[in-house]
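Chain lettering (A, B, C and D) follows the sequence in which the chains are written, and residue indices restart at 1 in each chain.
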Amino acid sequence: MLEVNSLTKTYDIFDFGPVDLTVDDEVLSILGPSGSGKTTLLSLIAGIVDPDGGSISLNGDRLNGCPLQERRTGLVFQDGALFPHMTARENIGYAATDRDRIAEFASLLEITDVLDRRPPTLSGGEQQRVALARTLAADPDLLLLDEPLASLDAPIRRRLRRELHALFTSLEIPVIYVTHDQRTATALGDRTAIVRDGAIEQVGSPMTVINRPATQFVARFTGNENLFDATVVEQREDTALLRVGNIRLQATTAAAAGTTVTLCIHPSRIQVYTPNGGDDPHDENTVSGTIDRWLTEGNEYRVEVDLDDAPITLTTTIRPPSFDQLPLETGSSVRMTIPPAAIHLLS
Amino acid sequence: MLEVNSLTKTYDIFDFGPVDLTVDDEVLSILGPSGSGKTTLLSLIAGIVDPDGGSISLNGDRLNGCPLQERRTGLVFQDGALFPHMTARENIGYAATDRDRIAEFASLLEITDVLDRRPPTLSGGEQQRVALARTLAADPDLLLLDEPLASLDAPIRRRLRRELHALFTSLEIPVIYVTHDQRTATALGDRTAIVRDGAIEQVGSPMTVINRPATQFVARFTGNENLFDATVVEQREDTALLRVGNIRLQATTAAAAGTTVTLCIHPSRIQVYTPNGGDDPHDENTVSGTIDRWLTEGNEYRVEVDLDDAPITLTTTIRPPSFDQLPLETGSSVRMTIPPAAIHLLS
Amino acid sequence: GRFDWLTVAFLLGAVLLCYYLVPLLALVLSQPPGVVIQRLTRPDVVSAATTSLTASVTSAAIATLFGLPLAYWLARVDGRVKTIVTAIVVLPLVLPPIVSGMVLLTVVGPNTFLGGLAAANGLQLTRSVAGIVLAQTFVASPFVVVTAKAAFESVDRSLEYASQSLGKSRLTTFRRVTLPLAWPGILAGITLAFARAIGEFGATIMLAYYPRTMPVQIWVSFTTLGLENAFPVAVILVGIAVATLVVLN
Amino acid sequence: GRFDWLTVAFLLGAVLLCYYLVPLLALVLSQPPGVVIQRLTRPDVVSAATTSLTASVTSAAIATLFGLPLAYWLARVDGRVKTIVTAIVVLPLVLPPIVSGMVLLTVVGPNTFLGGLAAANGLQLTRSVAGIVLAQTFVASPFVVVTAKAAFESVDRSLEYASQSLGKSRLTTFRRVTLPLAWPGILAGITLAFARAIGEFGATIMLAYYPRTMPVQIWVSFTTLGLENAFPVAVILVGIAVATLVVLN
């Protein structure tokens, strides 16, 4: 178990921390924009940088002041940091506590056929696999990864993402995976921490940070683009009645009547219907509006709708099968239903 | 209109082309993995690199042999390539054909308040806006962009993507936008070209390259992970009857009976049901299987299912609302429906 | 022990550093400032300083004028030609100065075609300021070429392409983008060339024993009058060297 | 016209290139190979070559031994200390050689504390091979430090961190990762130092007129017997300079 307490580091233009973090034998993904201090956190834990304050301990042993080479902390760099003058086999052998196991790690990471080649001749994906094999060969008690998939093409990244998830779980040591990519963070992490300006904004399961963001920053960074101020009209059992402009919405959440809250809805959870279509939705939480603009994004359409009864633009995403049934043109009228469970409130 | 005919360029380790391409006053996005020749294509059109063969012409004028500075071709680099010793205003003014319009471009791209700062002090998004304003200020007849959004964080990238789409359309000149990101390519391009190893594999609307990929490479690169060999049993009107293992599927497409085809299904188009649930699907195109593994990806779940009646693993994605109703555990049995229109055949 | 090698390495480095620093401090400390200043105004010192400064400024200017185009071309060309031309430019740097003086004598010496031609037109190429400049330029100008080449190379070519794709000519691009960005490196090169020129001894002594430059004056003072009499000129040269270091940082 | 400035720039660069190349070609072409080879075996030439080679190899070895630790430290330290120490290392490079010889004389000359101490123990620090080595080391060793520093800096620190995080000590990391990767640059530095040492004239002539090194031999031949008699030694030195360039590429 890794325990980080009140960790701080002051730079000229950036203050890191204080950060508190506990990582069991699990994968914690750390998600944040560039410059938010993700790499600083890894450098502090690995011992590349000395903290100004706070403590780091691994399985009960204090790591502060312990030299880099005695921390038993495996660190995988974004670019792999393979030794360019050694073959893949020599890279792994350099680290291996037991040279007989080189073949085992090579087989595990499917790099057996490139073992005798030098790093510059390997593809990005192969380099990352070799780097990971090298780190695992040193038998670390803690594994830190700094965006190793960032520079890879989408299909390889997708594949490695799945393989790494299974591998990390099998290690049974704390694993910290740093990334600025939401999909990678949620795919790999048992838990996800969102960082901003050197501090942790929220830690939780991937679905929690996406569907129940703690702050507006987390909401925006996890794709919750619909953020509006609303007034709580009434609280009934487990349902809050909200007002935005002339629209009334029910939300399956608790809030004090009379307060102003920020309403947060993920675009993918809004359902869109054609006006007067056969499949007309019930009236509850249904709003009408006019399509302002739309664009294709991957295999879905992103549609921005100006609401009729409130000065608000709602963003929603539509997947092809239902799209074929919609009159998707700028200026068209649409009706949308927002499930009460899809409305999250920020105070 | 930009016309590119049989363009070739030979490098030591890489052969580019021959490439044929016609771009009207539209946005053509070029999507491909790193090293596929995307940047080479832009360099050839811009005049940074001389082609070995073929021709390039813009609005009827042949560009071959015409020096860089006389091509009226605006080029926006991945890192912006702003002049670091000039302020944002000086950068734009350097290019401006009419200095009075600097304020207009600054306002259009929302950089009025950073005009007197130098590039190194600007954020990545601001640098890209200044670079674009500078290029537009030179009043180009053709606009080339080399992954300008690649290094930006997700929320800024999402926002700029939307703004650029509107801006490019308003220019009424040919725009070529190179990227390795499927979402950016489909969001910005009126048409999308997929490149691989220096050649174009497919050109078409964003939805066409995603839902009707021409080759296995395009299919994989646009996220169509389900690719299997199947036998065409029978062709009836506009429906083909296919066999995979012991499974029979109907596809709304044409294929010669008796031939072997490659079946291509996008994960997002497969519907998943709980066994014996209330909402049981009709039998047609319904298959059963066991969940092999699953992981969270962004706000959806990616599930891999081993089919009962064929040696195949089907990948599907599930969005939260329906997820709550599923027994999503490794080893669980599930039933899935594949809409006949969602099955695409590759020969 | 565990850190023995670290201690040894540290000591080795410290010894070398002292070897650079101690002689210089010894020079400065061994001379009472008053005596040095008094001797600075002696006619032979003033004459040598004037000759050295005139020749070195001229050499640095020539090196800049002729060297910058060569440096820019080297920075933007590729392949075998670049390697060979770079080697030719570096040659005067690895050639012993005394040999440089010799080879120059074979071309501009009094009995050569060029030397005779110039002399017939009233210009002495040896035993003259012209000879000093010829020697200094040969030895010092490669510093401008090599340093400016590195400075030009450090200017991202995409900035030049960006400028040209904005409709600007190559000359405008060079003047307004490349040159301003490479300028600090170019200035360092000119400074190094000036420092090398003003300290030049081996090639100068072959081409122009007279008029005496400061290094030659030191040599003459040392052999004829003893070490003490060489100090004032040496102090000036040390001052110029230190000033050079300040400019380089 | 439009390309006038380009033509002018091209001409300026070409003139400078010729100025480097023509004198060297003139030297090579002016001497019949047979005569040069015959003179190469003269006792004074052999003696000077032996002295030069012995001293230069020793100087280069000392520069490497003492210079590499300093270079590595400079490559891995930051801030003001780095700037100041680097300036001290560069100082001997911008100091005129004749002044370098002078300042060394103030520390190791026959009448100094160190010079007297060494002489009392049977080691002459001037007018000896030791004097030559002292002069050459002062002037040439900064090349090792500066070039090796750049080579160490070019080794990505993340490679060292990677090695250490794999449980390897700093010494192992240096031996197996940093040194092999920096080696080409270090070799270039040693080569440059050797070339500078073997061509050293100004400082050597101050510290050790005897035993004669090749540059001093050239000077003596030139002043006493005329230019022709200096050619054989010059040819050896040109050969070494050209060989140096080959190693550097």
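The rule is simple: a contact is a pair of C-beta atoms (placed from the backbone, for glycine too) under 8 Å apart; a residue touches a chain by one contact, two chains touch by 3 or more.
Being a predicted model, the structure only gives us computed values, none of them experimental.
How far is the middle of chain B from the middle of chain C, if each middle is the mean of its Cα atoms, in Å?
56
Give me the residue numbers in chain C that touch at least two other chains, ranges are fine.
170
For this assembly, give the contact graph shape among line, ring, star, complete and other.
Topology of touching chains reads as a ring, each chain with two neighbours.
Let me make sure I understand the interfaces: which chain pairs count as touching?
A-B, A-D, B-C, C-D
What does chain A use to touch chain B in their complex?
33-34, 124, 151, 153-155, 158, 161-162, 165-166, 180-183, 186-188, 206-207, 210-211, 220-223, 225, 266, 268-269, 293, 295-300, 302, 319-321, 339, 341-342
Touching residues of chain A toward chain D in the complex: what are they?
46-48, 67-75, 77, 79, 81, 83-85, 94-95, 97, 134-135, 138
Would you pull the chain C residues touching chain B in the complex into a rising list?
Touching chain B from chain C are residues 156, 158-159, 161-170, 176-177, 180-181.
Can you list the residues on chain D that touch chain C in the complex?
5-6, 9-10, 12-13, 15-17, 19-24, 26-27, 30, 65-67, 69-70, 72-73, 83, 85, 87-92, 94-100, 102-107, 109, 137-138, 141-142, 145, 170-171, 192, 195-196, 198-202, 205-206, 214-215, 218-219, 222, 227, 230-231, 234, 237-238, 241-242, 244-245, 248-249
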